[in-house]
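Each in structure tokens, the structures are laid out below.
Both of the next two complexes hold subunit A, though its partner changes from subunit B to subunit C.
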Partner chain A sequence: MDDLRRTEALLSQQQTKISARNVQVWYGDTHAIKDVSVEIADKTTTAFIGPSGCGKSTFLRCINRMNDTIPAARIEGDIEIDGEDIYDRRVDPVRLRAKVGMVFQKPNPFPKSIYDNVAYGPRIHGLARGRAELDAIVEKALRRAALWNEVKDRLTAPGTGLSGGQQQRLCIARAVATEPEVLLMDEPCSALDPIATAQVEELIDELRQNYSVVIVTHSMQQAARVSQKTAFFHLGHLVEFGDTATIFTNPEDSRTESYISGRIG
Partner chain B sequence: MSALVIVLIVCAIAAAGFVLGRARALASAGGDIRGLHSLPSYYGLNVALAALLPALLLLALWSIAQPLLVERSVAAMLPDGVDSALVMSDVRRVADGLALAVAQGALSPQEVAALDADATDLRATLGDVGVALGSAVTPEILDAARTHRAMSATGDLWRAIVVIAAALAGTAVGWSVTNSALRARNLVERVALALLAFAASVAILTTLGIVLSLIFNTLEFFRLYPASEFFLGTTWSPSFGGGSELGILPLLWGTLYISFIALLVAVPIGLFAAIYLSEYASPGVRGIVKPLLEMLAGIPTIVYGLFALLTVGPLLVELFGNGGPLGLGWMDGGTAVMTAGLVMGIMLIPFVSSLSDDIINAVPQALRDGSLGLGATRSETVRQVILPAALPGIVGAVLLAASRAIGETMIVVLGAGAAARLSMNPFDAMTTVTAKIVSQLTGDADFSSPEALVAFALGMTLFVITLVLNVFALWIVRTYREQYD
Partner chain C sequence: MSDAIAPTPPARAVSLHATDARTRRRNAAEKRFKAYGLTAIGIGLAFLAALLFAIVSNGSAAFTQTFVEVPITLDAEEIAAAESSIVKTSKYREIIHGALLEQLADAGIETDMDAAELGKILSSSEAAEMRDFALANPERMGETVRFDFLASSRVDGYLKGRVTRDALARDQNLDAAHLDLVDRLAEQGIVVKRFNWDFILGADASDQRPEQAGIGVAMLGSFFMMLVVLALALPIGVAASIYLEEFAPKNRITDFIEVNISNLAAVPSIVFGILGLAVFIQFAGLPQSAPLVGGLVLTLMTLPTIIISTRAALAAVPPSIRAAALGVGASKMQSVFHHVLPLAMPGILTGTIIGLAQALGETAPLLLIGMVGFIASNYPDGVVSGFTDPNSAMPAQIYEWAKRADPAFYERAWGGIIILLLFLMTMNFIAILLRRRFERRW
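Let's turn to the complex of A and B:
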């Protein structure tokens, strides 16, 4: 199993999807991210771990420029996706976010029907010509999120009426429906019970076939289960980045080892 | 002894009770506060309340009951067959006048007792001390007034004695039960609860009283004037000489028309302002604009009325009247539905924007993030996620604004004119229910004529309309509020 993972990781390492160099982020006077450089591979799940307030969510939000919506945030350095600088003046953050989907910590379905939730992105970006095509997109997205069988008979029911795990899978379907190339997940399972968590983790593993998935998690077991690459953040620094198996079994940095073995964090 | 003096004495007794109770509690615990169930001041407060509450309650009840009892026994003295309500008011005036005369030294108590209605000109004497009487005083009335005065004086004396005795008794009881184990804190807490509940029920009882007074006067009106003609009549032409036509429809039409125009102005502007403030404005801009906008709400409506009369009306006439640049000639005078509607709309902008702003802010940030994260622009997010989520609350805000528009008076009186008519032209002068209530009640009308009583029927109709609107608005807001979470 480990061998298989390592081979996969090696394969994908050749195709860098996201490349960040010397990224610095300030919230007002707080220096939240200090000189982070990382290469994130395509068709791989990369986990960001680290104690609360270490900057992993902040860094995640840099990748689709969600920090732009916070007036006090200031970003320096380069982040490139497919070799294109996303902080370039010519890049429209709105278009970028269609390419880099995001799933949030708390399930946040819109107060609309299940169908309209999933169709939201495709409608905004004009991905469907006609109702039939939109229906197909919605069904495909819900199938990918492993939710189709549970909701196919009640697509017009409100999305807020689903259970927590179903809501989070609906949000994943919603993000997938716009055909992003990268999927960012900010602690997607922290509000879910173990069964729903297992479903979402299984889903992440399937999504990896098509997307580059970046997941922030507080659970080291989860990071070990779903990711091929792991990045450990501490106090705004990227302390260590490497294959998940290596990080968890033979970390280079003593801080990483302390965190993984539960001595700090 | 006047009620004020009694209240002061009771307060003094209570203050003394406070000191005594506090001291006794401390003494019972041997001077150690930790040995007491409650802090010493709670024991003092407990004794003070035991003195105050029964005494003041008794004072209030006595002050209500005494005049009723006195007047009943005095009325029994009067000969039958006279208009007792009228005579009683004479008796009251004479009795008050005598009391005043004695107080000012114009008459001595002995002189009052010896007064002879036929011999002295009592009317002139009382006129000198400032009590004007409508007619000369007859011996019967003088007798009745003297009895009235005597009984009231006795009653007042007993009132003072009983109330002060109650205060003393309360102090004594409160003091005697004070010991270190008494749960004075809990007792005081219970009094605080009763006080708060009383304050809440005053508001409810007042509303009830208003409704009842409206209902009785409305029923009285419908006895004099057929309800079907009131509700279905299309002409409003009150004439105090009789033969009035009091149809509510033209007034209701004017009210709804003006409110409609006001909402047409206030809802889009208010809503857009709210969206700007909550979604786009930076904290600095928001901190300045929001208070400024809310200042509009603090302007008295009479000032808005002046604005309508002196600025907006003439401006509209210039634009839409004869010889205007548009050459339309739609408008004859400055007072019109349009004038009042526009100004009322301006008045309602802060109302709509402030409520909508709160509601939009209550939409969780997670929904905004979700939409932005899918690549939606801010205005797409507002249109497709935030407004649908906030819609029930916004509808509620609009309905509340509508009920304010319907009840508005001053702007209409000054801006819309006084002609009750059913017309579609928004540049015609029209009038509303509220404006006509004012004009029906501010004349010299006899309050028992249908022309005056119609005001209550109008008020009742308005009350029902706004009540239904408010209940509906609150229902909408409450039903759909839990959507997020």
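Let's turn to the complex of A and C:
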């Protein structure tokens, strides 16, 4: 039984969730992403690493079309999720973002209660019929974000009154409450202490069972700990992409090696 | 630029206790700046204090008024006779003056004045007041009713110290004998000063009867105008700001619109008045002097203020909130209405109320649409006529009084300013309260 499940997981790991081909991004005249092609597998954690300004966030934002909100941004190439082109005319970016959740670098809870923060997504997407169902969704999301025990007695307290780490976990709970299929996390732990970081990493590992998780991080250790696949970006290029173990122990490209060993970046 | 590092000067041992010239100069400059600041604030406060003192000392007298109490026995025959005569009020006047003379005799005050001469201490509105009462209360015929007649504005001014005996001596209306009588009547409690509700609630009166003039009708005119401004400027202004700030693409056209909105905010208000005259009255054919037109003109004037403050409030909402909402799959409109707008609310409300307060105090545009100079002597009949009937507005009424010859009106102009200021203060207070209420949630 247990073996069967593991095989299943292994099998689906090979399934491609997101497939990007020849993606180019410009901000006005700045060429931020240069011809990036990558296949991101389902039920896997993929880490994006690379020096500051190399385009990790930009590429991440292409996957849920958050770049649409930046007037200067221009995108070329194809990105497919489950074989469907997300830049197709027929795609409503709002529905795409319900399917591809995002956690931002800086915790950004709504200035509303903890409960309302988590319930907001399910509410606008009509995921719950009635109060009881919504309560259940909120509790589940908060439990998955490892926040339930800390906030269960003050769900009506403002979300902005939590500590930085709690706020970030609240944002994660908010993102998972809508049951997305892909979770994009842009440096989710940059504001967190080691304990909260460990909790978030544990959470990422758990979320991976169901979702395709993409995480941007500046911490090599974190990338090595949480991810199965790693992509190294440099000056807008995807330099190397492969199994995390390989990238960290035996990189093909010399730039990857220098970055990992701390010589560039 | 060279990367060569400048040789570091040899370290000198300088005591922190010793002061050098540079530090002293810096500290002196700082002290001087603080002194300038304090002086500036002091001058501002002094002006404010002087202004408030002038307003209160000149205007507070408008809130009290001198009345003469006269008991009159309503005689059915007399009244019927008065009603059948051609100039009805003159008969009533005779009755009143007779009653006043009798009252003097009862009070033991001797005088050789005749009734008509004595009647000069009363306001000329007295006959109409008695007639109205008599016609309205036929069941009280035969009873003795105590009337409180307004004293003439000169008597009022004399008792308030505004008019001196010397000044009155040069006046044809009253002479020293009248004033002696007034002094004795005041001792007896027949002539009394009381709080003047009629000033706050009443209508404006003609040039000859300053004692009767009130600001109530003009207040109602201002109220209807503010309703128009609120109903139009708030939704239009907020909708325009949300569109410009959140939805509009950034291009030449929106830039052009933006620049023009800022320019509109600086357009002198009288220009809006002439625009209103041309568009609303001459072109659209709306009635002159109507609060509806005044409100429309003030709406035009208030819109830029509301748009600018609303846009500032929207822009102050951190972009991370918008990103968060979009990130969980909210549409642009949901993110604006669920998250951005509530956060911008205190700023929007403050801007709106400041815009309204500005509009409330505005006189110049009303000049051109005929609201200044209109004698607001009647209350409108209903809500609709409140918008469409000619009326005045508080600042217009104040201007009107200030320009009349009789100094008694001057006092009322100051009194009107007190009321206007109270309104403005209340509005600002509401703005603060709303701000607190919306901000305290988080």
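The rule is simple: the second predicted complex is superposed on the first by the 252 of 265 C-alpha atoms of A that agree within 3 Å, B and C clash if a C-alpha of one lies under 4 Å from a C-alpha of the other, contacts with A are read in each partner's own complex, and residues count from 1 in each chain.
We take it that contacts are C-beta pairs under 8 Å (C-beta built on N, C-alpha and C of every residue); 3 or more make two chains touch, one makes a residue touch a chain.
These figures come from a predicted structure and were not determined experimentally.
> Give one word, clash or fit, describing how subunit B and subunit C relate on subunit A after superposing.
clash
> Which of the two partners, first being subunit B and second being subunit C, lies in contact with A:255: first, second, both, or neither?
neither
> Regarding the shared-chain residue A:169, is it in contact with subunit B (first), subunit C (second), both, or neither?
neither
> Where does A:97 make contact in the superposed view: on subunit B (first), on subunit C (second), on both, or on neither?
both
> On the A-aligned overlay, A:144 touches which partner chain: subunit B = first, subunit C = second, or both, or neither?
In the superposed model, A:144 contacts neither subunit B nor subunit C.
> For A:64, using the defined touch cut-off, is the partner it touches subunit B, subunit C, both, or neither? Pick first, second, both or neither.
A:64: touches subunit B and subunit C.
> Return first, second, both or neither, reflecting whether A:56 touches subunit B, subunit C, both chains, or no partner chain.
Once the two structures are laid over each other on A, A:56 reaches no partner at all.
> Just one of 3-11, 165-173 or 399-407 in subunit C hits subunit B in the overlay; which is it?
Clashes occur only in 399-407.
> Which residues would you name on subunit A as touching subunit B in one complex and subunit C in the other?
On subunit A, the residues that contact subunit B in one structure and subunit C in the other are 64, 66, 69, 71, 94-95, 97-99, 101-102, 104, 106, 108-112, 120-121, 124-125, 160, 171, 174-175, 178.
> Quick one: which bits of subunit A touch subunit C in the complex? Just the residue numbers, please.
Residues 64, 66, 69, 71, 94-95, 97-99, 101-104, 106, 108-112, 120-121, 124-125, 158, 160, 171, 174-175, 177-178.
> What residues of subunit A sit close enough to touch subunit B in their complex?
64, 66, 69, 71, 94-99, 101-102, 104, 106, 108-112, 120-121, 124-125, 160, 171, 174-175, 178
> Spell out the part of subunit C that touches subunit A in their complex, as residue ranges.
Listed in rising order, the residues are 249-250, 318, 320-331, 334, 338-339, 343, 441-442.
> Looking at the complex, which residues from subunit B come into contact with subunit A?
Touching subunit A from subunit B are residues 282-283, 364, 366-377, 380, 384-385, 388-389, 483-484.
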